[in-house]
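Note that chain A is present in both complexes that follow, paired respectively with chain B and with chain C.
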Partner chain A sequence: MKGTYLGEFEEIVLLTIGVLQDEAYGVAIKLEIEARTKRTPSIGALHSALSRLEDKGFIESHEGGATQSRGGRRKRFYNITAAGKRTLIKANELRNELFDLIPNLSFKGL
Partner chain B sequence: MSKSTPPKWADKLLEWFCSDRQIEILQGDLHELYEWRTKTKGQVAARLLYVKDVFDMLRPFALKKRRSSKKINGLDMFRSNLKISFRSLMKQGTNSLINISGLSLGIMVCLLIGTYIKHELNYDKFPVDKDRIYRVTSHWADFAPRAKTSLPVAPALKEDIPMIDESVRFMRVLTNDNSGIPIRYKNRKFAETGFVSVDKEFIDMFSIELVMGDRQTALDDKSKVLISEEMARKYFGDQNPMGEILRAEEKFDLIVSGVFKSVNDQSHFYFDFISPLTYMSEGKWGSYTFTQNWTTTFGWTYIMLKESASIESVEALFPDFIERRYPENFGDQYGGFDLDLQPLADIHLKSSLVEEIQRNGEFRLLVQMVVIALIILAVAAINFINLSTARSILRAKEVGVRKAMGALRGQLIRQFLTESFLITAIAFIVALGLVALLLPQFNLLMQKQFVLDVNLLLDFLVFGSILVTILAFFAGLYPAFVLSGFQPIKVLKSSLSVGGKGVGLRKIFTTIQFATSIVFLIGLYIIYDQLSFIKTKEIGMDTSQVLIINRQPRSIENDLIIDALKQIPAVEDVTAAAGSLPGHAYTTWSYHPEGFPRERKSIYTMWGYNDIAETFDFEVLAGNDFSNIHDRDSMNSMILNESAVKDLGWTNETAIGKSFGEFDWRKDTITVGKVVGVVKDFHFESFHESIKPVVMLYTNNDFGNLVVRLNRFDGAETVAGLEKVWNELLPELPFTVTFLDDKVQAMYADEERLRKSINYFAVIAIFTSGLGLLGLVSFVLIQRSKEIGIRKVLGARITALVGTLSSDFVKLIAVAFIIAAPVGYYLMDQWLSSFAFRVDIGIVPFVFSLTVLVMICALTVGYKSFRATSVNPAEILREE
Partner chain C sequence: MKKGKSLYPPRWANRLLKWFCSEEHAEILQGDLEELYQFRLEKHGKWRSKLHYIKDVFDMMRPFALKKKRSKVKNNSIAMYKNYFKISFRNMLRHKVFSGINIAGLSIGVACFLVIFSYVHDELSYDRYHEHANDIYRVVSENMNQDGEVARVFTYTSPMHGKVLREDYAQVVTSVRFNQWNFPIIKYGEKQFNESFFNFVEPTIFDVFSFKFIEGTPENALTEPLTVILTESTAKKYFEDTPAFGKVIQYVEGGESRDFKVIGVIEDFPEHSHMSYNFLASWNTVDDGTNPRAFDDYYGNYNYATYIRIERNSRIDDLTAQMPAMLDKYIDDIESFTPSTKLNLRFQKLTDIHLNATAGAGGTSNVYYVNLFAVIGILVLVIACINYMNLATAKYSSRLKEIGVRKVMGAGKRNITYQFLTESTFYALIALILGYGIALLTLPSVNGFSGKNLSLNPLENGVLLVSIVGLVLFVGLVAGSYPAVFMSRLNVVNALKGGKSKLGSKSLFRTVLVVFQFAVTTALITSVVVVERQINFLHTKDPGFDRELLVNYPLTPKMYEQLDVVKNELLSNPNIIAAAASTRIPTTRLGDAGGAKTFHEGAGKVVDFRLPFIRIDEDFLSVYDIELIAGEGFAEPLSDSTQRFILNATAVKQLGWQSPEEAIGQKIEYAWFIGFVTGVVQDFNFESMHAAIQPMIMMNDSRFKRQISIKISGSNTPATINFMEEQFKRYNPDRDFSPAFLDELFGAQYQGEQKLSQISKLFSLIAIVIACMGLLGLVSYTMEQRSKELSVRKVLGASVNSILFMVNKGYAGMIFIAFLISIPVAFYFLNDWLESFAYHINIGVGLIAFSGLLALVIAVITICTQALRAALSNPIDSLRSE
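This part shows the complex of A and B:
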């Protein structure tokens, strides 16, 4: 396993999974990211990130929900695991902490 | 509305590279996206984007994992294979023991021979510029080429030929009799054969390492000498040898100017003392100007070429050089003369010229040893193959079950190969132990000093792992293929048909083993026969109680010491002798016998004093032995042997009184002598040589050896008595004594060594074949146990049963004998043809080899089948 470092794109994917709750599968995640961040990740890049996240133990998956449009193929749904949740919180906290440490002074000039 | 679908080829592509685990989900997502894109962006865009996305999927997570799963599994399988191998090894104790002991003997022989060969190939590798060093040799068309050249050659070559960087001369300093010269430090005195005289550039050219002393000045004076570390210890013990004085030949005081590391054990040279050439030219030879003598070969010449120079370009200049430098028309009377260059690296293994510094190795011998090692290894490998295929019946069920469980053939092959690797590796470890145990014996046999140190062990490990790999692979491959090839259904239904597999091959292999043993046995018998022939054949003298005492020139009057020695009760006769001695034939001299005024005859020459024939026990056929003759005329009397008389066309009687001109090359004069006696032929060379004409010249000179015949020999006491007399008369000279018997035996050292090696090899080959046979027999008996039981029930007697069971093997022996007998005959006839006096091969060796093999087979087969047949048939037959 590659360790538990969380990349920027991975963080967005992880957050999106959290947002989508039970409806988090490939296409849905892609469309959600596109809608919210104005970036268009390729489906390959997204799955690559998902597979990394799964390797790191931040998400887990189960299969189901075949539809007509998919030619009867199943979807793979993703959930955030406890470890994933911890990492998200930690990342968030770290960011806030650092953010709070920036002296107000430097913002005045902006 | 007809549903549009994404491009089929892109889908196919995705399916081809995408892993099974991911394909369904990914393809599903792609299709869903496609539909969504068709709706929002139109079909064309959707199709394009679809293709783009498919290529975008070429990411590690999506790809088929081709290797990784196998890798992990492979390691586990290896572990499992190893475990199974161990179990089957334990289960088949006897078989494993036979396999391992056979293989370890084979590997042991290979390791020992490998050590020897590596040693032999590493001769003369110590000089830094070894690739540029060559030896200059002399070639007369009419004689065998000589390793020596005359002394002025080296400096002249360097002067005349610009491609030559350096040239040095190397001379051995010995007594007239080719024995060691006396070296003394205070009261420590020894006869040293390793005393050499060289040009002072020698130590740089050959990178001789000085432990003490200064390279520049070490050899710049005729009274300086360099000694090896061994000699420093021998003469000076712990004392610092630098500046100490050694007395050489009781004439010269030499200052020790340095100590060098000996190269004797890895060099074609042999030296313990290095003196400058001036020791000879200005010291020992005094007024003689041998360094200006172009016609006689006194020393060895080495040259170092410039880096750019080629050997051919230098050799091309030699004819011109000889024309210019050598005396006019030199060599014409011997059909022409030429100089030649030998690369240093080739000297030890490829050169056996006249006048080598010491006996070199033989490349042919190395090849023979490799062949023998391979044969022994092959015999052991054959055992392994035979036993593995033979016991396949026992493992057929295992193979069947494994296959039924889904094992692939490749996996089974790997499993059996693992097994053969394990066995070979164990055999290797056992072989290492055997080597450690037998190394002293091997050293004795090969006259080397191998020590099992870290270096050698490292060599063994490297060489051993290569050997084990190759051996395990080749020995294991065939059984692995046979065993893994079984059809599970057939095997699991009934196992009887399987054991027959490979029977033909097994018979061929066993025959090869038998044949090898027979060849070795034939060789063994004939070598023994020839050697005992050598030992018992009349050699024309009695060598049993004759001692040779080495004496230094100009040391003492003959009569003085002879009379003193004769006082010892155990001494029967004493005489003085020099030149060619029994076991030591090397001096020829030129003569002008009566009736051959123009012809100069080169005849082996021996100098002797009174009672020479009596002391050596030569039988006098005509005339007299040398006896007290003091008139001037008799001083030049001589005795011939029968061959010399025949060679000259005389008879024993007419020879007496003939005049015989002795040509003295030192003075270029002829001294005329007279034949006073003829003795019966005697062998003073080995039986390889025919008996040659010999002349014995009467001399009262005090050089050479004292020959003492004892009337009884009471061991060390007699020798001590002789030494006591010696020390009273010659206190400053070393007392060195050899037995004539030993000298004569030393001529057959090679044959003796060959006999011992063949002895070992034969025992190993026979033992290994015997082991193989034992394994095979036990297997056959297990297979035929039911048959034996039934035969017994029907009333067969044990003897008849044993006969039936043995008949198969008898056939194999017969075939093996038919193959081996001509091979053995041919090889041994070749060997014997190098002897001028040899035994006839006859029928005995063949009968002997056959008998031994039959006896060994009869013992193994008989013992095993007797045990099998004496079992109560009810025991065997009650099962089923």
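This part shows the complex of A and C:
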């Protein structure tokens, strides 16, 4: 039922999952976002976004890979689904399209 | 990890996460948090990481992570509740004895509570009908003794106080003074009545109190001299149905008469008022500057009731704090003492007056009794609730299968809890209907007994309506709480197997309940015994004077003029032994007088304690059989210039004389009298035995004495009384003859205690009955459970006695613990009550042992009625089936 609108932070999370491929789980995504965007999302906000993305059907998850540093607890890994991929591409296209429409003049002014 | 395994994130934060987080997310989130924690640990160290961890946990409180409601299926709760009611009803019918005991106990508890509630509510509603009720205070004067302690409290002040208070203090909006004249005759045409009070009040009364005018208006009322306002019923008495306004009534006292014009009629003082006056006359009548009773600037003459109204939202304490300074300013030093060390003023809130009557004031009830009844009402209700808890959990085995099936079918703890709460509320509802009926039935007798006009109509009394609804919920929830928790915890498998679950018949909680019930019961029994004995003690204690076969009635001035003739006429009747005139009679208050002085070797010394007086004639001491211990009584009336005084032994001691003999011949100046002590009498309790014997002084002058006391022989009393009445009517054809027997007056002084005794007996009885019903139910259940065991014992040769002993032994411990708990509690409260009497019994070991034994006997009898049935039954009956 949820809309398929992709928020800005959600888009970043989705892209990061794509970047990390098979290693995309909570902490890894957070650290990757921190490293690349210089912003520090709280782990709560991140999981909240992941949960929303999953509800929208853009990602899917599976569990596995317990490590000692997690107190022996499992990780939840995320993959982008086909729908997620489509949305990403669409968002990217839309952005490029709009970007191209900006007259060069306005850049000169900046 | 480098820093070792000891560095874990805070455990409580983990627990918190687990608590609010759904299981689906908990593990993953916890894993992520911990990984981050370990990651930060290396970078930032322990403390920062921990703080960060905690912050993260709280940050996790987001909708996605929270626990979802367990069942997404919507229950049809109405159908379920229907089922709960149906099952409750069926169970009620199936276990008639249990439900009977339960409902009876609850109904009686509810009835008691309702009656007590309406009584207490009524007691608390006094004097609240005035518009400014919360800002009105009565001025109270206090006398201090040498140690600076309050020795005596009066609800009257001197006339100066009311005036100064309103003139000097901005906080006081206004004040009103009452000057009460007692026992006048009021005439209108042919009609004439003896009235008890005639009040002169200031016109400011209408700024302080709120009255509803039927005739006339409060504007400018009572500003003219010789005007009067009547209450509705008084106006009716004199003028019947004709308008009273403008009519003139005649005031007669001691041969003088004055005419008062009626300028208004107000509604009668409501029942809920601490004062009730029928005549409000204008203050100017007495305050015309020439009248000797007008003492605006006089600090003595403490005969004026004064009320003040203060500014809304101002603190009365601020005013009280200024009183010593005011007294010092206006009153000259009293024999080199600053006035504020001798007397003080304080203020009593109007709405507190009824409940906290100070000595000598008109209040009839006492906050002590109101509190006591409130406590008893709640206790009875709680005992009834405990009964329900005990019985409902005791018979849990009959519900085991039902609960098991319900659980198997998917009922959760919560559903079972709701079910049993519904059931108890159902019982509470039935109990309310029955209890309300019982309360309605008993209300007339309660009204007759308390002299009140209580009503249990919830439509008239919003508070009652709310409390009834609250009562059902309270009883339902409290009584149902334990059974509900207990039942919902039962293990499904055990419940279905029907085997003994671990929550067996001996639960600690239930033991505590039984102990509590018995503690209350024992305490109530103790208090009944103590109150009973104290009242007996008061009735049999010798007050120091003869009170048997003594008749009193008021004399009139006409009779007093020929007192000797009157007495001789009376004594001509062989059944009349002696007669004496006096201003007051024992059991009433002694007269307060102004200052007194004693003279030691010429130097005058002011008596700095209250030395009240009574004027008597020469026969008084012999009529009352009061013993002279030194000197002599009054041989004959003396001249008024020099008096002979008779003191009591306490007065002699307080005045500083070593022995009664030493007092004889000492010079005393008392009010306007000067004289010598000629006699000393043994102490006797003139006023009441609530207070210790006070010093008093007696004198005999020729002025009017209001009372005559007559000692009769006791044979043919009605004829003797008739004889007195005939004589009285000969002198006063218009007056009513109203004789009183002194022993009745004496008994009436302890009416409050008498009533307390009756009420406490009644409620204790009820509480004991309810507690016994609970025990009865519990024992009968236990006997049923143990019937096989008892049968086996019998088969193996146990005697009936040994079985009874064994059963009783199980409860003896509980009763003993209850006894131990109740003693100090009962002792504390009863001692407190006893302290209010100057003469009281002491609570001794014997008394405690007696009431403990009584409680034990009651318990054993209750237990035995059930145990005996089990012990006498044929073992075959219970052993036959397996």
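One rule holds for everything that comes next: the second predicted complex is superposed on the first by the 110 of 110 C-alpha atoms of A that agree within 3 Å, B and C clash if a C-alpha of one lies under 4 Å from a C-alpha of the other, contacts with A are read in each partner's own complex, and residues count from 1 in each chain.
Throughout what follows, a contact is a pair of C-beta atoms (placed from the backbone, for glycine too) under 8 Å apart; a residue touches a chain by one contact, two chains touch by 3 or more.
Quick caveat, the model's predicted, so the values are computed rather than measured.
Using the contact criterion defined above for the overlaid structures, shared-chain residue A:42 touches chain B and also reaches chain C. In the superposition on chain A, contact is made by A:26 with both chain B and chain C.
In the superposed pair of complexes, A:89 makes contact with neither chain B nor chain C. The residues of chain A shared by its contacts with chain B and with chain C are 25-27, 30-31, 42-45, 47-48, 51-52, 63, 66-67, 69-71, 73-76. Residues 1, 8, 25, 27-36, 38-39, 55-56, 59-65 of chain C touch chain A in their complex.
Every residue of chain B that touches chain A in the complex is listed here, in rising order: 22, 24-33, 35-36, 52-53, 56-62.
Listing the residues of chain A that touch chain B in their complex gives 25-27, 30-31, 42-45, 47-48, 51-52, 63, 66-67, 69-71, 73-76. Residues of chain A touching chain C in their complex: 25-27, 30-31, 42-45, 47-48, 51-52, 63, 66-71, 73-76.
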